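Mind having a look at this structure? Questions to follow.
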Amino acid sequence: MSKTWTLAELAYATQTTVHGNADKTIQAVASIEQAQAHELSYIRDRKYFNLLNTSKAGALILTADLAVQYQGNALISNNPYLTYARIVTLFNPLYRPAAGIHPSAVIAEEVSLGADVHIGANVVLESGVTVGAGTVISAGCYLGRNVQVGAQSLLYPNVMLYSDTEIGERAIIHSGAIIGADGFGFVPEPTGWYKIPQIGKVILGNDVEIGANTCIDRAALGSTRLGDGVKLDNLIHIAHNVQIGDHTVIAACTGIAGSAKIGSHCQISGMCSIAGHLVIADRVTITGTSFVINSILEPGVYSSGVTVEEHGLWRKNAVRFRQLDQMARRLASLEKQLAELQNNKD
Amino acid sequence: MSKTWTLAELAYATQTTVHGNADKTIQAVASIEQAQAHELSYIRDRKYFNLLNTSKAGALILTADLAVQYQGNALISNNPYLTYARIVTLFNPLYRPAAGIHPSAVIAEEVSLGADVHIGANVVLESGVTVGAGTVISAGCYLGRNVQVGAQSLLYPNVMLYSDTEIGERAIIHSGAIIGADGFGFVPEPTGWYKIPQIGKVILGNDVEIGANTCIDRAALGSTRLGDGVKLDNLIHIAHNVQIGDHTVIAACTGIAGSAKIGSHCQISGMCSIAGHLVIADRVTITGTSFVINSILEPGVYSSGVTVEEHGLWRKNAVRFRQLDQMARRLASLEKQLAELQNNKD
Amino acid sequence: MSKTWTLAELAYATQTTVHGNADKTIQAVASIEQAQAHELSYIRDRKYFNLLNTSKAGALILTADLAVQYQGNALISNNPYLTYARIVTLFNPLYRPAAGIHPSAVIAEEVSLGADVHIGANVVLESGVTVGAGTVISAGCYLGRNVQVGAQSLLYPNVMLYSDTEIGERAIIHSGAIIGADGFGFVPEPTGWYKIPQIGKVILGNDVEIGANTCIDRAALGSTRLGDGVKLDNLIHIAHNVQIGDHTVIAACTGIAGSAKIGSHCQISGMCSIAGHLVIADRVTITGTSFVINSILEPGVYSSGVTVEEHGLWRKNAVRFRQLDQMARRLASLEKQLAELQNNKD
């Protein structure tokens, strides 16, 4: 059962101001269509303006200019969506199991555990592991030799950290994430492929979140490195020696090939494919399914991909794609011939 | 060792009729090319017709009209492929380990286990978990607080169910599936990204199958929901608040972004990318690698994607794609100029 | 701490020859830009030629013709990159934990373990499992009934092998890989989909490496089969009944649909999508994000995919893709009309 808050308490906690009844009690948050008399909601932008006076919410988070037009209780914020997210957190703090070490955990010698850690059932900590204070290592996680996890981090069940992986403070790592497995490196030899030992490691900054079943490979030599505040969604592949700048976010199913260097504050959408050994500047946005094979050196929005159409039409168009260069040449030839005809006429 | 069946017994079990020797014993099923004298096979459609009289199979499953042309033993079915699948099941019932709770399982208080459940080695069941009668929770699975799994379900090893996930009856969930991890939701703030607590959950209907390493995220608020009979292949990403209608099937590596609403009886092929906040009608088929960024409101078959060609040709054509709009404008200009020339001539 | 080697020892171990001081001691390998006086590096090709005389490396691996122009110590090799990889291995042999069986492992009856195996914490071995000599089964792995793993193999933590899977010698399988889960096979029935039992298995040859969270499904009937020396990267999907020839390598995030038959010595890049029931010849290279829906019967390099461009331009071009067939028809019509005009003039 969540705690009840007054608007005054919420305003104090979120550095916003109350408009209306500061003693009004709030029990939960909800969407503006569904919020009831003891619930709080928000309007993110003007397109939801018409909901302002029909909402049954007990209070709304609004910008100052919207609040002028509203008779009910409100919290006034420069950024209602961010204030909403902060208040959702107040009502629903991230669940952290109690500190303690489950008797089934298998803990090697020379492991250093900070104060108030939680080590769940069947966790395996190899020698040289360091876990910071207040960190939760949930059931079934495996931390290889010399892994370091910073304070106040939260590893959900079955996270696998290969040896030497370093993770900063306040990390959130979801189940099935594999960090530090070998990069994919082989040298052709007469009989097949010779494995290049992957002797580097993975280093993640502070405040990183890694999605479920995402894979981040260790470097061939040196480090694969994610900066502070990087957020990765599910089922992402980060190859060896990739570098990702601070506060870059990447959506699900994207793959980044070896040694790519991604800037900070980038936003990369889902199912993108980024080739190896290229550079992406800071503050680049890449839309879904994009295929990047050259460096992007200027901030901006970049896209590729061909969108869905009725199947029969697609078949006709897809075939023509193979004729595109030929079509372009025929077009140029027509232009030239037509110009000659026109010249002859003059 | 599988049990031996007579054709009469198989006909009774599958509601088909025998043509030929009803006492013929069948020991196994096999492909029509490989089936031997004590094996059963089937012909799915007329294009395999020429195999009818060369097959060494002890019996075939055929439609009535094909059976007229066949001298051997047969089971007559309106749907030979479905009958075949049913008979494969008779010979190879899904393996379910014996009921019982492995002593290494870690079971919290306030867990409710139905009759004849199997709880494998190293399973962790947190408080409030409910497991229905006859359900198998294989080794290494983790069921978070208040997870519900219906009767007769089968979780393969290392399935991770985050708190509050609800799964119906007769589910089959393959290893590495992660259900209920946080949706990918952040609000920009001056210094980076603020995590929006994902306080919803995941609800799966009855008769759902989830493939290996597939991820289904919990809702931000409310529920991510898959209807009855939904089948997901491996390595699929289902984002927060997605809704999938009954009996929709989705092939491997597809990703569906947040709050998309997929209809029932849809067939979505592999490696598709479906954007967030859109609607797909019932009975829509989407072919492989399609990229969907707008709603699809009519049943039908939809496609996108450009298929492989020789690399040198591809390079030329791919470059032209960037000139496509310009080419279209040049084409329109040519049409106009040519029309003028033709008019001048008249 | 790695052992120190003299150049003479390294030359002996790698069948190369020393140029310069054979007693020179080497402590580690490093990139040519970073290598210091007791480190060894290499030059892979002529484009790094300018680094030859500025490098501080204690020795370099060079081809004979490059060595002529170099004053320092060198190892002379026909293939410097392969020699480098072999020497990295000498300095960094793959870590293998000591032989032994962890007391928390759960081992059924009728399990056959070779000499010097390592069975880690919380491993589960079901009945009929065979593990070859010297093989490492790391913490949390699950080997289902009758699984066979050959000698000298290395399974990282949390590898899941479904029943009957057969793995050759010297395999390396990374965490989260799921081998032998059910193929995705259903028959439509009036009320939804009927599951076709997947009664085949997976067979991997010798010297196979499988990446993190990669899935290889068991065959519907018969075997899904990967040849000797096949290397799969992370997050790959291999569907039921796929056949992959010897020494083929596949990069991350690629998906291969059911019953596709891939040749030997192929190189398939990341995020490719290969349709079912097709054939790819030996020695085919497929570049990243390619979409293959027909067989490729000749060796060569094949590609598809449209690369990223500025978003506004992309929107214009992507719309035109839907008009491509119409554009081609208009182009042909223009050509015809222009030819008529030209004929009329003559």
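Which chain is which? They are A, B and C, in the order written, and residues in each are numbered from 1.
Assume a residue touches a chain if its C-beta (ideal position, glycine included) is under 8 Å from a C-beta of that chain, and two chains touch if they have at least 3 such contacts.
Only a predicted model underlies this, so the values are computations on that prediction, with no experimental measurement involved.
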Task: Same-site or different-site touching of chain A by its copy chain C, using the half cut - done: different
TODO: Compute the rotation angle for the C-alpha superposition of chain B onto chain C, expressed as a multiple of 5 degrees.
DONE: 120
- [ ] Round to the nearest whole Å and give the separation of the Cα centres of chain A and chain C.
- [x] 26
Task: In chain C, residues with contacts to at least two other chains - done: 104, 122, 140, 158, 176, 213, 235, 253, 271, 305-307, 309, 321, 323-324, 327, 331, 334, 338, 341
Task: Complex contact set, residues of chain B against chain C - done: 29-31, 79, 81-82, 85-86, 88-89, 91-95, 102, 104, 120-122, 138-140, 156-158, 172, 174-176, 207, 209, 211-213, 228-229, 231, 233-235, 246-247, 249, 251-253, 270-271, 288-289, 305-311, 314-315, 318, 321-325, 327-328, 331, 334-335, 338, 341-342, 345
TODO: In the complex, go through chain B and note every residue touching chain A.
DONE: 104, 106, 122, 124, 140, 142, 144-145, 158, 160, 162-163, 176, 178, 181-182, 184, 186-189, 191-197, 199, 213, 215, 217, 221, 235, 237, 239, 253, 255, 257, 271, 273, 275, 285-287, 290-294, 296, 300-307, 309, 313, 316-317, 319-321, 323-324, 327, 330-331, 334, 337-338, 341, 344
